[in-house]
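Below are structures written as structure tokens.
Across the two complexes that follow, chain A remains constant while its partner is chain B and subsequently chain C.
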Partner chain A sequence: MDYFFFIDLIQSTVDGLLFGTTYALIGIGFTLIFGVMRKLNLAYGAAALAGTYIGLVVFLMFDAHPALVFLASALGSGLIGLVVYLCCFRFTPSNYPMASLLASVGMLLFIDEVVIHASHGLPYPYPSVFRDAIIELGDVWVRGDLLFVFFMCVVAMAALFWLLYRTPLGLATRAVSQQPRAAQLCGIDVTRVNMMTFGIAGVLGGIAGAMTAAAVGVLSPVIAMGLTVKGLIVVVIGGLGSIPGAIIGGLLVGAAENIFLLLRGVTERDIYVMLLLFIFLTLRPGGLFGSAQTRD
Partner chain B sequence: MKFSTLMTASLLALAAGPAVAQDKTINIAGFGASSGVVGIFGQNSGAAMAAAVEKINAEGGVTLADGSQASLVTTYYDDRCNAEEGISVLRRIASTDALVAVGPTCSNVAEPLFGILQAKVDDAGDTGLQFPVFTDVAIKGGLAGISEWVFRNTPSESTMYDSLFAWIRETHPDAKTIYGGVEEDFAHSRFTWYEVMRKAAENHGFEVVGEAQWLLNDTNFSNQARGMRRAEPDVVAISAHPFTTCGMLREMARQRVEPKVLVGLTSSSSLETLTGCANEAEGIIIPTSFAPVNEGAQSAAAAVVANGGQLDLHSAAAWENIMILKDVIEAAGIEGTDASREEDRRKIRDGLAALTEAPGLLGMNKRMPDGEAVKPYVFVDAENGKWEVLHNPGS
Partner chain C sequence: MLEIADIKTSYGKIAALKGVSLDIHDGGLTCLLGPNGAGKTTLIWTIAGILKAQAGSMKIDSEEILGLKPHQIVSKGIVTVPENRLVFPDMSVRDNLIAGAFSRRKEKGGIEGDLEDVLTRFPRLRERSEQMAGTLSGGEQQMLAVGRALMARPKILLMDEPSTGLAPIIVEEIFEIIGGLRDEGRTIFLVEQNAHMALKYADRFYLLEQGRVTFSGEPGAVDHDEVIQRAYLGARKAS
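Let's turn to the complex of A and B:
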């Protein structure tokens, strides 16, 4: 094996794993909503992008510090998540899953179009931190900004786990996820839990959007479709409804994408990623961590 | 009594004359992507067309065959850079009173769209659409040859890049190697690198030491930049649109890829690149058929800004097209009535086909027999967040 090829392989894997954490966050958002409501929110990636644009507005208007921009992106996305819930899920009949699914598709297109109209489709600079920091480990370079992205995503995941497993809200969320009717009988306000789930998932999406834009250094509406598609691939591979699955799936997709890029070039890269998806759907439709557990 | 009545009638007729002329309109439709991620092209073209129409109407409009004046009107249709929608939009335009259409903005729309037009004029066996199209933005080379109803006012990238690489060879004699970066899934970017830039570079003695490919939606360019860093090229040419150009330039800066010369795609000589990554784009050289280098170009740019757009090499062509069409309409004897519509469209086609040159914002554009144009151009580079003219090959 050629030395440079070996280095490239390591470098691609490292970059892919670090960047894959943003996919993991998006995957967690999808899976969280599915876990609680058993419904897919296809507007999730677009809402995450729109939230990221809210952070951008804060940056452009007030020349705000990157930390504030990231916070505004996360909170903005959380807020848009709530709007998506109210528009597409709260009032759609629960016994017609297609109604909310199609409503979320409509919302995806609507948000996308609003963002494009507002930004004229122009790419805008998005603040990043540790942009020029590089850790050189021999011939392998580890990007400081990607390490930051990785760190931020890990912190967000840790916060989510704390919320889910150490707080009453988390307990209620898990209860609704497992037995919504029983949870309701125990006095849990299911609508409130659903709303909170959309808000929390939105915040995670906003962090993913902000970290993606920070890693590129530029924000453009073209990111939305990538976030949506990657997020869906991640949840299929990881197992719909499984948060650890979304994390592993995100890292796997990030690394696989970069390795396929190295081995087969950009024109074939997505073919192999989709092939991976197909293999999972055929041989392991529940994904890596999907459970066969059902609920009432 | 009779005299006074006659005088009154004459005065009324005189007074009513211009009002009647104001009622006559000639419709020039515009179409292209005015929404979606490349919507800025259509928005700028629409604004440029509207500004040019405003200017013409303020100066009295166009003179028709009967000597009367008519004002120009224009409506811009959105095809979302989608071939099917583009075809549907053109068919819709052809069903209106529009005499000619300016568009489209995307080469991937232009190619199939031109295919629905009659290939050869007066070919009775060809039932293709008989409607003149005067393209402003879709820049991929050689497309006008698809139909004799198609005319283009897009710059010749082959000529411009050939001249650019000749100039780089002259001004940077020590530069020997080139590395290309291409947005693989966009027709214009792809065509321009493989068919234009690379060939021009090789013709002028540059050795291509590598190529990096990425896609329009990509957000990670580390693999591509690494290959570039290893090859240590003297020249890097990036054939991509602003979003990925910016992403790639940032990654190049991060990986300390510092070529002696950085060359960009014609479409990137716009406000978008500077909005997205002015610092990283510093020094990038791009050939362009528009720069506000004279009074006419500056006043056109101001008029387009007043209409909510920006004048760049693409939208400048939309402005020029309207001005050229005004001359053609007046020279061809357009009647502008419902009954004469088909005949008027044909006259405009024939008028455009007969042109050997046409005025443009940077000078005279040569009109070629195949419907294409050869336009004056300059080389610009990004300096302190602005596009500055670096070299004028015509001077």
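Let's turn to the complex of A and C:
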């Protein structure tokens, strides 16, 4: 293997790992919601993107500071997460999973349509920070903007862990995802925990959306499909319901995607990512951290 | 006192409770016996607010509480140790106990002290306090489920078949724990298949058969053998 190819490979892996943290966040969002409700929210990626657009609106209307734009994206996505919960999950019968699944598909299409109409399907500039900063580690360059994306996503994960393991709400969330009946018997209001989980997952999705846009400096409606599909791949690889699984899965998909890009080019990249998904579905359907398939 | 009157609960079209009335007196062990499928667990879940009753009434100290949500029932002081224990498997023993005090999370202090009390009451839980609850033995999980319920400072403790699935020697231990709780003056409502053991400890008992209370009394005043036989097998014909 010649030296320059080797450097390219390292470079692709580093970039992929840094950007993979956004996939990890989306995967965590899917996993959190699945954890407490044992239901998949397919509108999650679209809601995250719509939230990111709320940040864009703040940017375009007020020419706001990037920090404010990111904040508006995160909070906006959290708010849309709550709306999705109320529309698709709160009132659908709990013993009929297909109802909320299909409702969330409807919501995915609806949100997607709204975003495409509002943006005329066109990409818009989105604030990006540390674009010109480069850290040189020998022949491998670490891009400042990607490092920022990585940093923000890691901070979001750390905040989530703090919430889950250091606060009463976190204890309640863990209790509901492990044993919802017993959680109720402990005096935990499961409906409230479910709602808070949609809000928190929404905020994480908004951060992932904002960082995805910040990494390239543009926000485009096509990102919605990417977020949804990558998020689902990440949770299949990591194991649905496992947060560490989502993190590892996100980094793995990020790195693998970039290596495929280097080796096979942009047209074939996604084929290989899907192949990776296929391999996991056949050989290890429970994912890396395959939590038990049943409960109770 | 918890007064339950004419409770009816069904699963779809199948009526599991066909008008159950019973009283749980303060300070004492009230026992509910009955064969498999009689509706004992259905009654527990109905009292806990998890299953909805179609009709009836449930009053604690004369306040109607039927129809409240499960977490509201807990804040009324009615706390359940469920069938099959249902501990949080991937949480430490300590976190399981702290989760039990969730309804008291806004209280200043008190919880740490109660945690200490529970760990003193169950030394085996103290030894394993950092261990994941899913790795405990059946008997230890049962102690944990009881300890978790005590963390809520219950006025009335409901227990659904705490001895089921445990080795005889552990069953003795669990009943000693229950007897100990009764002797502290706590109010306990115990659902049991093991009528033989339950009648030794009960102050009052009810017999539930096919969704109806068919018999009640005090253990001293009845023929244990007949009660035990009906509790295991059900009556030939329901009265």
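Keep this in mind: the second predicted complex is superposed on the first by the 294 of 296 C-alpha atoms of A that agree within 3 Å, B and C clash if a C-alpha of one lies under 4 Å from a C-alpha of the other, contacts with A are read in each partner's own complex, and residues count from 1 in each chain.
By definition in this document, a contact is a pair of C-beta atoms (placed from the backbone, for glycine too) under 8 Å apart; a residue touches a chain by one contact, two chains touch by 3 or more.
Here the structure is a predicted model, which is why all the values come from computation and not from measurement.
When the two structures are overlaid on chain A, which partner does A:Phe4 contact: first (chain B), second (chain C), both, or neither?
A:Phe4 sits against chain B, while chain C stays out of touch.
Thinking of the overlay built on chain A, is A:Asn258 touched by chain B (first), by chain C (second), by both, or by neither?
After superposing on A, A:Asn258 lies in contact with chain B but is clear of chain C.
Give one of first, second, both or neither to describe whether A:Arg38 is in contact with chain B, with chain C, with both, or with none.
In the superposed model, A:Arg38 contacts neither chain B nor chain C.
Return first, second, both or neither, reflecting whether A:His117 touches chain B, chain C, both chains, or no partner chain.
So A:His117 only meets chain B here.
Output check: A:Ala175 vs chain B and chain C. Expected answer is one of first, second, both, neither. What do you get?
second
Compare chain B and chain C by how many residues of chain A each one touches, and report the one with more.
B
For A:Cys186, using the defined touch cut-off, is the partner it touches chain B, chain C, both, or neither? Pick first, second, both or neither.
second
Of the partners chain B and chain C, which touch A:Arg90 in the superposed model: first, second, both, neither?
Neither: A:Arg90 stays clear of chain B and chain C.
Go through chain A and flag every residue that touches chain B in one model and chain C in the other.
Looking at chain A, the two contact sets are disjoint.
For chain A, which residues are in contact with chain B within the complex?
Against chain B, the touching part of chain A is residues 4, 8, 11-12, 15, 19, 113, 116-117, 120-125, 131-132, 134, 141, 143, 212, 215-218, 220-223, 225-226, 257-258, 261-262, 265-267, 270.
Which bits of chain A are touching chain C when the two form their complex?
Answer in residue numbers: 168, 171-172, 174-175, 178-179, 181-190, 296.
Give the list of chain C residues in touch with chain A in this complex.
48-50, 69-71, 74-75, 79-80, 82, 86-91, 95, 98-100, 102-103, 105, 148-149, 152
Which positions of chain B touch chain A when the two form their complex?
Spelled out, the residues of chain B in touch with chain A are 35-40, 43, 184, 213-220, 222-223, 226, 230, 242-243, 246-247, 250, 253-255, 271-272, 275-277.
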